[in-house]
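In what follows, chain A forms one complex with chain B and a second complex with chain C.
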Partner chain A sequence: MKMAIKDLFGRPLTVVNVGLEGFAGAVRDQGVAVVDLDWKPPAAGVRPLYRTASGLDVEEANQEVLRRIKAARPVLVGMGIAKDVIPGMHEHMILHSGPPVTWERMCGPQRGAVMGALIYEGLAQDGREAEVLARSGEIEFAPCHHHHCVGPMAGVVSPRMPVFIIENKAFGNHAYCTQNEGLGKVLRYGAMGEEVYERLRWMETELYPILDRALACIPDGIDLKAMIAQALHMGDECHNRNRAGTSLFLRAIGPALARTNRDNEALARVIEFIDRNDHFFLNLSMPAGKAAVEPAEGVPGSSIVTVMARNGTDFGIRLASMPDRWFTAPAGKVEGLYFPSFSERDANPDIGDSTITETAGYGGFAMAAAPAITQFVGGSPSMAVETTLEMYEITASEHEGFTIPVLNFRGTPLGIDVRKVRQTGILPKINTGIAHREPGVGMVGAGILRAPEACFIQAFQALAAL
Partner chain B sequence: MKMAIKDLFGRPLTVVNVGLEGFAGAVRDQGVAVVDLDWKPPAAGVRPLYRTASGLDVEEANQEVLRRIKAARPVLVGMGIAKDVIPGMHEHMILHSGPPVTWERMCGPQRGAVMGALIYEGLAQDGREAEVLARSGEIEFAPCHHHHCVGPMAGVVSPRMPVFIIENKAFGNHAYCTQNEGLGKVLRYGAMGEEVYERLRWMETELYPILDRALACIPDGIDLKAMIAQALHMGDECHNRNRAGTSLFLRAIGPALARTNRDNEALARVIEFIDRNDHFFLNLSMPAGKAAVEPAEGVPGSSIVTVMARNGTDFGIRLASMPDRWFTAPAGKVEGLYFPSFSERDANPDIGDSTITETAGYGGFAMAAAPAITQFVGGSPSMAVETTLEMYEITASEHEGFTIPVLNFRGTPLGIDVRKVRQTGILPKINTGIAHREPGVGMVGAGILRAPEACFIQAFQALAAL
Partner chain C sequence: MNVQTLIKTSEYHDSVKLMLVARELSRLAGVRDAAVVMGTEANKSLLEQSGLLSTQAQAATPNDLVLVVSAQDQEVAKAALKTAEALLAKRAEPASGGLDFRPRTLRSAVKAQPEANVAVISVAGRFAADEARHALLEGLHVLLFSDNVSLEDEISLKRTAHEKGLLLMGPGAGTAILNGVALGFANRLPRGPVGVVSAAGTGLQEVTTLLARQGVGISQGIGTGGRDLREDVGGIMMLDGLKALQEDPETRVILLVSKPPAASVTTRILEQASTSKKPTVVCFLGGLVPTAPGILPARTLLEAALLAASALAEETGKVQEILDRQKDELKTRSQPLVEAMTGGRTRLRGLFSGGTLAYEAQVIWRDLLAEPVFSNAPLDPVHQMSDSTRSQGHTIVDLGEEEFTVGRPHPMIDQDLRTRRILQEAQDSEVAVLVLDLVLGYGAHPDPAGELSEAIRKAREAGMAVVASVTGTEEDPQVLSRQTRILRDAGVEVCESNAAAAQLAGLIVARLEQVGAARGR
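Right, the complex of A and B next:
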């Protein structure tokens, strides 16, 4: 009887060799393929950091950070209009994704989204007027993250946009996010045009009131932590695959939608809109992550990342120990799958606050739970598994609340430890949508990349000096 | 740097040795665990069967069978009342799961379900009257499979029960199945009592009319093949895990439910009922399988199984080449997880038509797609993967329409070939619910088992003699 060394899936085993060549040779003799690992040695001079300059115990601080994140109970409790409910928001403010950025340095799709939002708000008649206004200084730009908010892609939140309100029941803090528009020619990818504004208007005047009324009759709200946990057992990773989450959300809100129904046809349109947009749940999984992580901010000495966000120009991170300080580097290039007629040349660099999902212990870090996502972002199912395994190397813990069935229900990698990133040379892996680099176009694909190392180098140095 | 031979999930590799001990030793020397495979040699005297006694070409026949099953397009086209729509059904007929069985030989839960159905129909006042009537000969019992029908567990269909109507759009044939009641104290697990009848009455008078009205306004029906394909990418295997399928069904019918709504509160109850029952989709995945496989019946010389069904007393199979002939053996014992206060001693042997899912290329055969199912039926995620891999050994093809992401989108094992079952000694693996052995109790757990070998021995002999 013939036999070969096979992995769990019955495929010929490949062994990854990271050093000991003699051993690799012995394995090769057994007929096992051996490949080289794309592995970088630890950065020269990076020593284990147990205490900061002033003597803060990093490990102790991290345990407190992890305790808070794990204890989080993000619940969708209601909706409201951005200018009414987001702290600090006002009539002439526009929130955007990523670290702070001026109009001058804004990338194309973020500019497109800002101009589109100004037109949608009625503050400008067309793109030219919008650009003049945006450049004038009359509009205050601020990162979503400065307002307990997260926004996918361009991340634009304008005053009259409806937002979901998520309450972290364990700590009482809130987070906010707009409703997801779907894919293609949509504002968050920088698209402009009547089709975009009309959809936003419908989302404000029909989708929002109907969802809002339904939520108001669910006294306990919708438990997003439980929903994310379920979705991870249903092939989602809750960043670029949200088909299960979207389905579970519709199931959960369904009875309340029926009970508060005033117009069958309008209700049908709302269900249809959600049913046709498998990313609808992204705008709930993101603020759930934001609400979960924010209470961990402000723990002195912690080396754990609590914000990781991109504005399409810069990639920025913040640590739990320094929640007011951004460490930034140029946003990276996404390796991806493109829609027909688009290619890499059309792609804007990495953009969006959706990396809050990886920060909170799911998204790209839980890709092992979502092998089918590779049809959207590229790669292979085994790459998806390997991504999760690799992320355990740079995280401080595993999230007992979010488990991955195929890894024997192991908890997801939780809490990016800037020390581990420096020591291993492994950078956080992210999956993301890709926006066209020009304002006004929209989505052109989806893909995978790593966070830029420079952010982590700076953050590590700042931490050591604390 | 230390290294170890690991599998794709980063777990220490275990090599399965099936013979060559020298090789196993060499592998062991590399620090890899070696375990014995629970493997039986081919049954003595079983030779490859290429032609039947009269010269029918088995392979050619099988290709035609597979072509038909793969071409199937099962679509939910509507609903109706059993006695009105199921061919051959009449006022004094009760359908049951599995091969034919008399009242005398019926197992406890099937008797319980029959008695419960007679009370629900108003033909008996209580259990005693129902038993007298069932025994009297006035009620005609027939297998669901004799009426283009499938029923989970006891599989009882009585005249006034509403049923789903599935049309195989590629061949024009129809299949039928009742609505799923949920878990616990339900008729199909043999439970009796007012709670059971009240639920059945509500399903007849509120659930059915609302779903029926909604379906009537979806002109193309609901494509169940596409839905099963999606659910397999979302952690279902569509037999004992139907959480994704149930969610997708609600999404698909949602807009029509809204459009045909006449009573908000009734609609809310319907959505709630489906939302609270993750097995709701089972009663759609089963008739989808039946509708897909039935056109393959009647192909002379085929060695492929088109029916695999259990009545709790007998396990029976039928081949595509002999659709009128059952090959039976005693129903097996299920290895399972039990609800609190129940144990193996309470368990009835294997029961139900739900093995149509394995017959049609999903269910237990697609367990690799559903690692989280092991929380319900027992076993481990790697066992789930191994089950699918093993089933490729006894199936004639792979279903291109149903793919498994974690196996690199390989098609599911399709078409149990009775020749391969005989030659390999590998028996089909099934996951199933477990009914209490006494009438009137209901569900006690869920588990896993294999089909009995005797059915396949008989079927193989009959095929050879054709």
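Right, the complex of A and C next:
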């Protein structure tokens, strides 16, 4: 609709000030609402990119990518054993988080998790044997992301492990993720030892069958999109705070658990295990994000990030327009809070596929929904809100399905646009757990960091050249 | 009765919001009943009781959002569902979370503050055009304060603004008054019936404050930037501003200010001005205004303000009378000043911060003085100063010109440069009269008179007269009467307008020129 200048007359003024702060102050003194931009010149040498070298319309491509992500409907439809259900998985394959990495370059906690998984699988008797096997070349390593999977922290998926199966009902694609082990001395943080293997065996032999039977009697599955939306309204951001999501999950599966189980003691153990693990829902919110974003891969010319993942050595991203190409840089150092007796010196660099949540429009990008998260990763509740507001600067859209009460139900920042990252110099903010740098120890803290700029510089250049 | 159902799969909203949407729907004309609920069993049985449980609604799951409307006919029901979708998508209030968060880009500022309607842009020139373009795309009116925006950018921005029905004031527009709010360098003014469009920033400040001092308020004050009335820009914003004021019921008299425009632009503006019954005062400073029906031509900013005020009372005939009387008073006032002058001083020196005010002074002196006035911004290029830092003969320096402001604040903000220049002139034994303009208001120095008074005393002690005007109002942060008192205490002849100050100084110097010429003979 065409406006007219006279339509402005007689209407309350609301001013956006771009530049001299004094002008904003003067307008404010007159009792008029002002938004004073924290204006900074665009990064030197970064030109606006509307079309790629071959003439692909970036904006148009992004609209298609966003349409697909928003239309996604991830539903937990069942469970299975990794080697039976994950495409391409076999008896001598181990999946890991982040971009591709060789055993030689693998960080401590990821090595620990690989060795632990080999012992759990019965392929090695102890750490020494496991290391020899891992080094031998007989084990094929592959990123989870190459197999429709995501894994938190070390992200290790071994053939025998049970996995959740998520179906994106809008597109029919599937994503997979293991069951969450809890915090502390756990495989995904690189911990080794009988306690770790015993828990994994129990998860395989008792937790999995009970959950699997229950899910089988929920014909439509469990709608994870709706559950994430509700959890965001209950103080989760569905990456490092999953307390509400875990409770909602337990509530949703509860009746089916009761109906399909005859051993009350076993059922009680399952409920207790989930109840004591506030992160249980993470291994559902992550594959929900993966299932939602994957159909957007392969849209030519798009500048939107569809994968953002770390293996503790490298940080890698992929764009919707180049789904087979990783843009990597060394994984960053996490500013964090540490458990007693641990410090920064013990910390491994940033690790895990859990940044799929930020990629899909929640996680750290929805921190404003989860002020209590700051008890886990540090910072203040207002920082949590500011993080979300800042992430709107580098995202292409807002997710109407996921809203933030404290921002008057504004949609979460969705679709990291590599162009905006370059233009504003604002890098995606990530909150994360911290693993010990040595194999076998486990979690030592949690904190916050930014994605490395180098990945976005390379991705932007590659996009321009398309 | 017609019942329409819409199911939105896996869409979650909190129940309060859903109730609010349902309430809005049931208030729509023709709607009998409406329900917006999640598809739980409990909700479905409620729908059944209200006769709203369609087969579609029956099939909904607890994760689905169910919208059902019962209305007089299908059209109304379907329209109501559309409204519901819009309401669900809408956020009521600004989404800033109540924090002191400062967005980085215009786009997110508008997202955070959807009510935003004006952008004030003052970033460095090379970035300013891009920001202005973004602002227009977001549907904002723009005050583009920044200089050094290319002519091509100005033309394309103004064309875009024109197509969108938006204001693009600038580049280099220092001042605007919109709905009574002062933007950029502007004064605190009463609201009233005079609407102004000005291609000259301090010109806009001068006419509006002169009107305010006569008790006449401003409806809107629109700045266009100095290049708007060039042939290639075509006066796009002055024409759009003029049309808007013609259609604005609050505006009863229109006042246009500019340096003389290109001939074709003059024709277009006068044609547009003639289409309205509203009296239109036109001040093309330093040029002639062709006569046209409904046009009141003014030679100075002072005359323009007087004409606008008198047009309200339909007494425009008296303006010449007022101006003549004022001139006589100034003549009388000049006599003792001429007599007090010793040592054969004959030179006039103007040290100005407002470009338009310096221009107006030159227009007045052109008629009063025998000898030319040199300037770094002269009326006639032949009177260009060879070096802006050294006065020659009669001189007026616009200290706001680029050669003085690169890497330094504008003299309206910082008086340091002017203080030093006053002390420099004080050393010159030929100088008879020093003329100053003080501009008050938002953005300007908090106490220009206080800052200058020490240097002014030195100039007085050296034997020269100092004449000044203060552009401002009593409501300005610096307070007009306080600034005037400080100047008077320092021995300054303070005049009621810039035109009067120029006239008083011109009368003194003209008389001294005559005495000097007689002595020379």
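Here, the second predicted complex is superposed on the first by the 426 of 466 C-alpha atoms of A that agree within 3 Å, B and C clash if a C-alpha of one lies under 4 Å from a C-alpha of the other, contacts with A are read in each partner's own complex, and residues count from 1 in each chain.
We adopt the following convention: contacts are C-beta pairs under 8 Å (C-beta built on N, C-alpha and C of every residue); 3 or more make two chains touch, one makes a residue touch a chain.
All of these numbers come straight from a predicted model, not from anything done at the bench.
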Worksheet item: After lining up the shared chain so the two structures overlap, which partner does A:226 touch, if you call chain B first and chain C second: first, second, both or neither?
Response: second
Discussion item. Which partner chains sit in contact with A:275 here, chain B, chain C, both or neither? Use first/second/both/neither.
Written reply: first
Worksheet item: In the superposed arrangement, which partner chain does A:382 touch: chain B (first), chain C (second), both, or neither?
Response: both
Worksheet item: Of the two partner chains, chain B (first) and chain C (second), which one does A:458 touch, if any: first, second, both, or neither?
Response: neither
Discussion item. In the overlaid three-chain picture, which partner chain does A:409 touch, first (chain B) or second (chain C), both, or neither?
Written reply: both
Worksheet item: Just chain B (first), just chain C (second), both, or neither: which does A:63 touch?
Response: neither
Practice prompt. Scan A:400 for contacts with chain B and chain C and give back first, second, both or neither.
Written response: second
Item to complete: Return first, second, both or neither, reflecting whether A:261 touches chain B, chain C, both chains, or no partner chain.
Response: first
Worksheet item: Which chain A residues contact chain B in one complex and chain C in the other?
Response: 3, 5-11, 13, 15-20, 23, 26-27, 30, 32, 230, 233, 368, 382, 385-386, 389, 405-409
Worksheet entry | chain C - residues contacting chain A, complex | 9-14, 17, 61, 63, 89, 91-97, 99, 101-106, 108-113, 115-124, 127, 130-131, 135, 139-141, 145-146, 163-167, 178-179, 181-184, 188, 219-220, 240-241, 243-244, 247-248, 250, 442-443, 477
Response to the item:
Contacts from chain B onto chain A in the complex sit at residues 1, 3, 5-11, 13, 15-20, 23, 26-27, 30, 32, 230, 233-236, 243-244, 246-248, 250-252, 254-261, 264-265, 267-269, 271-272, 274-275, 368, 371-372, 374, 380-382, 385-386, 389, 405-409
Discussion item. Show me the residue ranges of chain A that touch chain C in the complex, using the header's touch definition.
Written reply: 2-20, 22-24, 26-27, 29-30, 32-33, 35-42, 73, 220, 223, 225-226, 229-230, 233, 368, 382, 385-386, 389-390, 392-393, 400-401, 403, 405-410, 424, 426
